[in-house]
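Same chain, two partners: subunit A is paired with subunit B first, then with subunit C.
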Partner chain A sequence: MKPLIEIENIKKFYKQKRTNIFEKPSFVKAVNGISLTLYEGEAFGLVGESGCGKSTTGQLIIQLMKQTDGTIRYKGKDVSTFSPKQLKAWRKEVQIVFQDPYSSLNPKKTIKWILNEPLALHRIGGKAYRDEKIIQTLKEVGLDTSFLYRYPHELSGGQRQRVAIAAAIILEPQFMVIDEGVSALDVSVQAQIINLLKELQEKYSLTYLFISHDLNIVQYFCDRIAVMYMGEIVELGTTEEIGAYPKHPYTQALFSAIPTIGNKQSPTKLKGDIPDTSDPPCGCTFHPRCPHAFERCKLEKPITMTISKGHEAACHLIKLEKEKMR
Partner chain B sequence: MNKANRLPFYLGLSFVIVLLSMMFISLFYTPYEPNAIDPNNRLATPSLAHPFGTDNFGRDILSRVMVGTQTAFLIGTTTVMIGLSIGFILGACAGYFGGWLDELLMRFIDAMLAFPGILLAIMLIAVFEAGMKNTIIALGIMSIPAFARVIRSSFIQYKSYDFVKASIAKGAGAFHIILKHIFPNAISPILVVSSLSFSGSILAESGLSYLGLGVQPPDPSWGRMLKEAQPYIESAPWYVIIVGSIITIMVLGFNLLSDGLRDIQDRKA
Partner chain C sequence: MVKPLLSVEEVEVSLQLPEGEFNALERISFSVYPNEVVGIVGESGCGKSLTSQAIMGILPKNAIIKQGKIIFQDDELTALSRKQWQQIRGSKLSMIFQEPMTSLNPVLTIGKQISEVLKQHTTLSKKDMKEKTISIMKEVGLPRAAQLWKAYPHQLSGGMRQRVVIAMALIGQPKLIIADEPTTALDVTIQAQIVELFKKIKQTRNMSMIFISHDWGVIHAICDRVLVMYAGRIVEQGSISKLLSSPKHPYTKSLIQSIPDGARRGQPLYTIPGTVPQLHVRHTGCPFADRCQFKIASCEQIFPHTYKFNEQTVTCHLYAKEKEVSL
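== the complex of A and B ==
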């Protein structure tokens, strides 16, 4: 498999407003050094609590915001070196679908206008070609021509999300970020949209970055999963590995919280809330909530360790385990 | 849903429509030549021949009020156009791009707001000369801050919406986003400010003309008519009352209209 997107140590810091002028400027570290490689044709899941930086990561990858530090390479080319013209051409290949289908479509425009917009922006084809392409794409997402002249408020949530997906795939991209793309929908509609995304993936050999907090969906949809906590990836691996043998205590807690039928095992409960991101705990950022935390966790930040091929996690326990095994 | 809430809107709309039709009629027909002097018929009481009476030169007040609507609407429309176009550019740039440009433009707007509007107009007219053109320019400049602020806030609001981000992700530039995505959504608050600024300009023009700084003779103006009527307030009170009422109806009409628009828009949101 060829790597499509390589992210190296990207960071996104937000400067916080100072309350007095003698204060040192403090930063919210939304994304704090993430490295990832997305391969062509895979569905990669990014999970974590709200506020852990998953959406920021997604928006950084498609350059809706600029990273504070680090590089993003698309097919081996550094995205930040693109000229405006190259950037616009690149935008054709990467797309995003947002969580809330009620704010991701312009309320004042018809569905036809919304689908025509990407084609017009990239000056693709003449009017006849565009009209045909719009109808064809509408059909692909399961809507018919009666939707062409409707406005978003006349559509249901699921239909709107289909329109948003149609507007994203009409440019035939190679990579799509699905930012909580189904979280705002009913469960039955979620399944429909997920299946639609799978169909499209096969048809266009799309690569997905699937951002979600719903582990069930991620496990069903994705080939690989990364778990984020406070702007960092704490564990990464194939869906099977992570689902069966989660190594990081945070991943373990997350997966034990998935409700299952008949399972009497009580979920691992985490203490407290996510700490203040402008003032993260020292050492391992997870130690105040970790059920297995020991002295070293407070002092030293764990480095990412490879557990097996393609499965890695950042936790001191893993090192301890390895030392024991020796 | 709630009928009572719509009443101000329809009341305002009907006032405006009455005045608007008066203006259109005056373009083709007035009962008398508005500047025709009739010394034998000075300060006549309202009658069938002169429904609003005559002024101190024997001119028909109804005809003059009708022609005055032309001036009022001309001033209102042109000042709104000046305020809206400049305010849109300033507000859109400040709201969309943010950062230091926002700070710079908004401090400039704050400085303009710190100036009492009518004083600014008087100053401009004193430096240049009194007349319709300078009045319009002065009032237009006066109305820029209101437009710029409202447009800026709508831009800040809609800039963070997902459809704007999605459009950027599809390759849209700032110009496309501003005109195709944010502007259509910002129209209703712009309409509210426009109608408010419209009535404000007419009122300010009447004030300036009353002081003799606004529209100069022979162009008819309500403000100047009010000034001319003042010495005869005891002998011909209807003159003052009629002209004053017309100004009130115009301003009230547009204010009710803008209030009503805001109510309707709030309920939609």
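== the complex of A and C ==
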């Protein structure tokens, strides 16, 4: 498999307002050094609690905002070296679908206008070509021509999300970020949209970055999963590996907390909430909530260790386990 | 036979819309027994929230209860005056809403908001009120209750805010709490904590709950009995274990089937074609007929009867024959 996007140690810090002019500026570390490689044609899941930086990561990758540090390479080329012209051309190939189809579509414009906009911006084809392309794309997402002159408020949540997906695929992208794209929908509609995304992936060999807090869906939809906590990736691996043998205590807690209808083992309970990102705990950022934390976790930040091929996690316990094995 | 705490009998609620007047809830009947947790599931637009609003007497202005009775303990709720309602809400009946950010007043402290219930319904002194508030805050797992008493909602995280809302609902020691999607807006790990809290409340307090959710996992963890609603009607009800192991109504079956599951990766997810019919296009037959894969001739014209199987009831034509056999 060829790598499509390589991210190296990207960071995004936000400066916080000072309350006192003599104070040192403090930063919120929304994303704190993430490295990832996304391969062509895969569905990559990014999971974590709210505020862990998963959406920021998604937006950094498609350059909706500039990173503080680090590089993003698309097909081997550094994105930050792109000229404005190149950047615009590149934007055709990367698209994003947002969570809330109620606020991501312009309420004053018809569906036809919404779908025509990306084509017009990139000056693709003439009027006849565009009209045909719009109708064709609408059909692909399961809507018919009767929707052309309707407004977003006339559609149901599922239909709106289909329009949002149509607006993203009309430029025939290669890479799509689905930022909580199905979270706001009912279970039955969710299933329809997930199936649609799968179909489109097969048809266009799309690569997805699927951001969600719903682990059931991520496990169903994605080939690989990365678990984020406080701006860092704590575990990464194939869906099968992570689902069956989660190594990081946070991943274990996250997966055992999924409410299921099957036979129920009691979930690993986590104490408290996510800590304040402007003042992260020292050592391992997870130690105040970790059920297995010991002295070393408070002092030293764990490094990422490889467990098996393609499966890695950052936790002191893994090292301990390995030492014991010897 | 135990007397039900709440019984909803043949309630019909209609909505005034620009297109005309439509029945949003049609002949809803169910009971909640003491110490029981009843779950309500269904897609959005099925009337789950409207049912809870009808019980709490907080229906929107354009909705009226056209017929039916809602009997709580010995009171007929639909006939209460505003004054009488004020005595019941908060002390005997209370409600937990989905979005903890919008259901708390941003300019009042947590302590004030929780103790307001006591101010309305009791004659306790200020000191006693504070003591009681702090003890309830500890019960719902709010840390440093004494300091939090003076905190404002924006200083709390989502999970803590939801705990505050739960404390507000509990402090009047109501007999029935209606929780409308109380965990939907929370993260999984926080959701697990809140579900745990609900379980604890269920064990330690002598009260009943109506729990509305679209998450079968959460429903499974908390509820004893479940109502499945579709297009303003209850189409199936029964114990949670029975519904999950042998769902009868095609709608319940498809709802359970469309839950995404890592184990079914690679196969397309099961979907229910179409959407919940809008209020103004509902016909006389079974509302689910257009989306049902087991549709038979009578489905589109005649609304099905309700058939009873032990503790499970189902409203569907498919069981007309079976019922005769089982009798």
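Criterion: the second predicted complex is superposed on the first by the 324 of 326 C-alpha atoms of A that agree within 3 Å, B and C clash if a C-alpha of one lies under 4 Å from a C-alpha of the other, contacts with A are read in each partner's own complex, and residues count from 1 in each chain.
Simple rule for what comes next: a residue touches a chain if its C-beta (ideal position, glycine included) is under 8 Å from a C-beta of that chain, and two chains touch if they have at least 3 such contacts.
Computed from a predicted structure; not experimentally measured.
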{"item": "Joint occupancy of subunit A by subunit B and subunit C, clash or fit", "value": "fit"}
{"item": "Touching partner for A:Y220 - first (subunit B), second (subunit C), both, neither", "value": "second"}
{"item": "First, second, both or neither for A:T137, with subunit B first and subunit C second", "value": "neither"}
{"item": "Subunit B versus subunit C as contact partner of A:I274, first or second or both or neither", "value": "second"}
{"item": "Partner touching more residues of subunit A, whether subunit B or subunit C", "value": "C"}
{"item": "Subunit B, subunit C and vertex subunit A (Cα centres) - angle in steps of 10°", "value": "80"}
{"item": "Partner chain in contact with A:L105 - subunit B first, subunit C second, else both or neither", "value": "first"}
{"item": "Which of subunit B and subunit C A:Q95 touches, first, second, both or neither", "value": "first"}
{"item": "Touched partner set for A:A191, first subunit B, second subunit C, both or neither", "value": "second"}
{"item": "Touching partner for A:H122 - first (subunit B), second (subunit C), both, neither", "value": "first"}
{"item": "Minimum C-alpha separation between subunit B and subunit C after superposing on chain A, in Å", "value": "10"}
{"item": "Subunit B residues touching subunit A - in the complex, by the definition given at the top", "value": "161-163, 165-172, 176, 180-181, 184-185"}
{"item": "Touching residues on subunit A, where the partner in the complex is subunit C", "value": "49-50, 156-158, 186-192, 194-195, 198, 213-217, 219-221, 239, 243, 253-254, 257-261, 264, 267, 269-270, 272-274"}
{"item": "Complex contacts: residues of subunit A adjacent to subunit B", "value": "59, 62, 64, 88, 91-92, 94-100, 103-109, 117-118, 121-122, 164, 167-168, 171"}
{"item": "Residues of subunit C that touch subunit A when the two form their complex", "value": "43-44, 143, 157-160, 187-193, 195-196, 214-218, 220-221, 244, 254-256, 258-262, 264-265, 268-272, 275"}
